[in-house]
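Encoded as structure tokens, here's the structure I'll be asking about.
Going by the order they are written in, the chains are A, B and C; count residues from 1 in each one.
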Amino acid sequence: MNAAITETRPPVATHRYRQPLGRRALLLVGRHSVLIALALMFALPLVFMVLQSLMPITQAKTTALWPSSIEWGNYREVFDRIPLATYFVNTLKVCFFSTIGTVVSCVPVAYAFSHLRWRGRTAVFVLVLSTMMLPYQVLFVSQYEIFTSLGWINSILPLTVPAFFADAFSIFLLRQFFLTLPAEVMDAARIDGASEFGVLARVVVPMARPGIMAVAIFQFLFSWSDFFGPNIYLADEKSLTLAVGLVRFNTALAKTGESNLTMAASVVFVLPILVVFFFAQKVFIEGVTLTGTKG
Amino acid sequence: MARRKRWTVLAFLSPWLIGVVVFVLYPIINSLYWSFTVKRYGQPARWVGLGNYRLLLDNPDLSLALKNTAYLALIGLPIRLFVSILAAALLARPRRGNGVYRLLFYVPSVLPAVASGALFFFLLKQGGPVASLLDLFGVEAPLWFRDPVWAKPALIMVGTWALGDTMLIFLAGLVDIPKSLYEAVELDGAGRWARFRYVTLPMISPVIFFTVLTGVIGVLQSFDQAFVLSQAARKGRLTGAPDGSLLTYAMLQLRYFQDGRIGVASAMAWVMFLITLVITVALMTSRRRWVYTATESA
Amino acid sequence: MHVRTHDRHLPGVLALSIALVAGCSGNDSSGSADTGSVSTAAPVSEPAGTGAPGSTTATTGTTTKVEFEPTTLTMWAGVTDSEGVDAFRGIVDRCETDNPWLTIDYVGKDDMSTALSAAIEAGNPPDLVQADFSGELSGIDAGGLIEPIDDLFARDGLDWGAFVPGGKRLVDFNGRHFGLPLSLDSVGLFYNQDALTEAGIDAPPATFAELLAASEKLLVVNADGSIERVGFVPDVDGSYSLFLTQLFGATLFSDDGAKITITDTLDQWVAALQWQKQFYDLMDTDQFNRWADGLGSYDSADNFFITGQIPLYFEGSYFVTWPDRFGEGKPENWGVVPMPGPDGVADADQVSLIPSGNWFMIPTGVDNVDASWEAVKCMALASDEIAAFEKVYGNIPANMAALDTYEAAVVPEIPAIQTFIDLARSPAAKLPGSAVVVGALSDEITSLILDYRRGDLSDDDLRGALEDLQARYQDELDLELGN
């Protein structure tokens, strides 16, 4: 069984090397110029944000696109004016627990909906899906009531604990990834005497790493940028998250027109997400192909 | 089913089961009950039977909102998914530089709707960059968010631009595909298209199923983008301007939320629930024809 | 991550509360005698029994100061940005000093309406709230969300004369008062005198006829038909077209919020919308849309009033800082006059339209209403601190004494603010009505106004559509109120 998983084939499509060098170079240039043009289009807001974040205040009030002088001091001022470190730690705490919780709780549930056979599976799965079909606005007040009776208001518990009890979105996504895994590998493991938990931990999880990673990224990003939850559930200034802190900072800046600082704060807010995304996608895309394939 | 097996299934399901009982069931039952009542927060609900549902049917804007939402689901969603698959397919290989491209393609989806909306106003406004570009070709730029004909296509454009989430799902699906499958069809002399049609597409069909269903739910429940963009013509009010062309189902629901009319808003939520459930069941039953699963062969 | 759509973009009044403005720099005022003297006017109250802070007995005539055991009250405030919070601390500190038993735990809340609904439904409300819930009073009344303060007010022998008339109306619904006012927004007509002079107009328009004539003269259309400059339009991208119908006496609701009054004031509605339409009829619709679409960002040097693209602009008091802040002194000569009233003549004493305001209130179900009331009372009367706070925050104080202090401090720096102060002081100050369907009806009627303005509807169509709205929303209101 192990052989089946780790069996590696050279990830090389040999036909590429048959093309003449000149044509290859041309294709390469063509491909990159298309991609660069597209990527620029997608990254445009970030470019604008960074450019404006570096402008002096007098220029930030105009519609100029290029900074007349580069003011790195804007970033220092943002750090001086809001307790970024505190917010950052608070946000990381929420992100960390909710992401761990989501992965740990959703993987077994998704496994039960994909590779365990039991009566009523489809019906129960539709039930899982149905919990996504009501908008948050009609549910949150009742949830607030539950959290109040649990004594969780003014703590990060409402933002983290529910993540340990599997949400429909993540279960659904994981299940779809698990479905593409070949059943024979799992059957082989079962014949070798592995328990269902053993099959999940040693066979399914390693093979479904990209899917699990995607779910983790989504949860992380959701917790990172969630404004609604922290604003409702947190009271203490020192317990606030970046998303809430940023909105308050921007309200103050809207009065003074310091849009350069607004942009600098936004860059500080968005940058960690992009860093996380960059490394996460590198790990799951390049990692997988290097360690081999399944099937 | 053996007794031990049953306990195994229950153990695996337990996080969800406990979570539903503790955090989800009560809010769901509450909202169903409220949909048959007049309910304001802080005040007990008063039973009105089907009163809220009747009120909704009397609202001429309901059919408009449903039509707009259907447009976004039937035209916007397929475009978004198609472009996302394309982007993912282009970037799935671990080529040099692809990591950076993936990152850049992802940028718009981490920005709040307000920020991307502001950018599009700037890009698309009269005398703005896009208008100047079109002018070079002698084309007069449309009024986008002030023209009922162009508002929805422009909204779809903004939505497609923020495709990072869907692209990420497809990327994860694509790297999951065993190379051996490609090699097998290559031996049969399959070209690029055949490889995509006979290997890639079936292998990511479970993921497509996911993006279609969550996409439909998203279209039914989201209003951020439409609200921000309809502000070109109207600040502050939920008109769906221009000419109601951006009035979505969720925006109509927001009209009741803003007044604290939880009864009517819950009724709308349950109508939305039924619509989504029907679509889900339809997709689930048709899925055997188009969704590939490795397990259900037996 | 169940659902990613959160209602954090609630429209309407919230937008106004965000559009706050730094006042001006300058002398911070320090404590005064006013505050103390008013709060000592509070009559008797016996120290409470064990544990809980005292409950009061309404005994008229006596003037003992209320005594409480040390109490910490949680206050939720809509002011969350650091500068605003710092200024607000002045008010809080003042009341903590005046009431040694009192500690206020200040909690800033964005999206107050949502947070407060949840807390009240869960039976766990904060002890007091500072917020802007204008237009939501009927819902507050119907839901029993906020304590009416009339009994406490009378018991303590307070006088509404301490507040501007509009401030009293701000917290008034159907004869009951849901808290004490802090500040008012007020709106006026900004004019760019340089542009007026260039168009041969000596003074800002003071009548409807002059306003229309000025708009005609100010309009500049290029040879290719495109528009260069517009005179006056009821709203550019703001939400004032519905608001301005009040100039003609058009109303949506009866005072008790139980009746839709569109058909009662049908002629006023039609007149109001006809009046608005004539300003747009001066221009080609498509060209106007193109012009509006090409306008620069509001919070920038390209703001249309700064660039002179609109020399006559109806806006709230906060806008007085725009020319300096974004325009670097442009336009050079500008000022503010009141909008003409129902008879077409401008007069601050006759017509003052207040879109919204801020006040202090006590949620239903708090532990100790009397303690919360003492805090509310003290803060609403802390006049010098309020004046200092509003200077930062840009609205007009609702407390008479605070308004005097504010006027003396701010007018020398920004003369144009005087018009807004006069408007806020006006005994005729008028606030929009309230009913539990106000948001949805405002949304629909705004759509209708846009349709009519575009020329999609004849006057008869307009009447028909208004009558339809009346019938449908009266049904909705009856269902909602159980009538």
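We take it that a residue touches a chain if its C-beta (ideal position, glycine included) is under 8 Å from a C-beta of that chain, and two chains touch if they have at least 3 such contacts.
Because the structure is predicted, anything quoted here is derived from the model rather than measured.
The touch graph of these protein chains is complete, with an edge between every pair of chains.
With respect to chain B, maximal separation of chain centres occurs for C (centres as means of Cα atoms). With A-B and A-C as the two chain pairs, more C-beta contacts join A-B. Averaged C-alpha coordinates put the centre of chain B at 37 Å from the centre of chain C. Rounded to whole angstrom units, the spacing between the C-alpha centres of chain A and chain B is 17. Between the CA-based centres of chain A and chain C the separation comes to 40 Å, rounded to the whole angstrom.
For chain A, the set of residues touching two or more other chains reads 131-132, 135-137, 140-141, 145, 167, 169, 218.
For chain C, the set of residues touching two or more other chains reads 3-5, 7, 117-118, 121, 297. In chain B, the residues that reach two or more other chains under the touch definition are 41, 217, 221, 250, 257.
Taken together, the chain B residues at the contact with chain A in this complex read 1, 5-6, 8-9, 11-13, 15-16, 18-20, 22-24, 26-28, 30-31, 34, 41, 90, 92, 94, 97-108, 110-112, 115-116, 119, 123, 161, 165, 168-169, 171-173, 175-183, 186, 203, 206-207, 209-210, 213-214, 217, 221, 250, 253, 257, 262, 265-266, 269-270, 272-273, 276-277, 280-281, 284, 291-298.
Against chain C, in their complex, chain A makes its touches with residues 58, 61-63, 81-82, 102, 131-132, 135-137, 140-141, 144-145, 147-149, 153, 167-170, 218-219, 222, 227-228, 231-232, 235-237, 244, 247-249, 251-252, 254-257, 259.
Residues of chain C that touch chain B in their complex: 3-5, 7, 9-12, 15, 113, 117-118, 120-121, 136, 139, 142-145, 237-239, 242, 289-295, 297, 364, 436-440, 442-444, 446-447, 450-451, 472, 475-476, 479-480, 482.
If you check the complex, the residues on chain A that touch chain B are 9, 11, 13, 15, 32, 35, 38-46, 48, 104-106, 108-109, 111-112, 114-116, 118-119, 122, 124, 126, 128-143, 145-146, 162, 164-167, 169, 171-173, 176-177, 179-183, 196, 200, 208, 210-211, 213-214, 217-218, 221, 225, 266, 270, 273-274, 277-278, 281-282, 284-286, 288-290, 293-295.
Those residues of chain B that touch chain C in the shared complex are 38, 40-43, 46, 48, 51-52, 55, 58-59, 61, 113-114, 122, 125-128, 143-147, 217-218, 221-224, 227-228, 231-241, 243-244, 250, 254-261.
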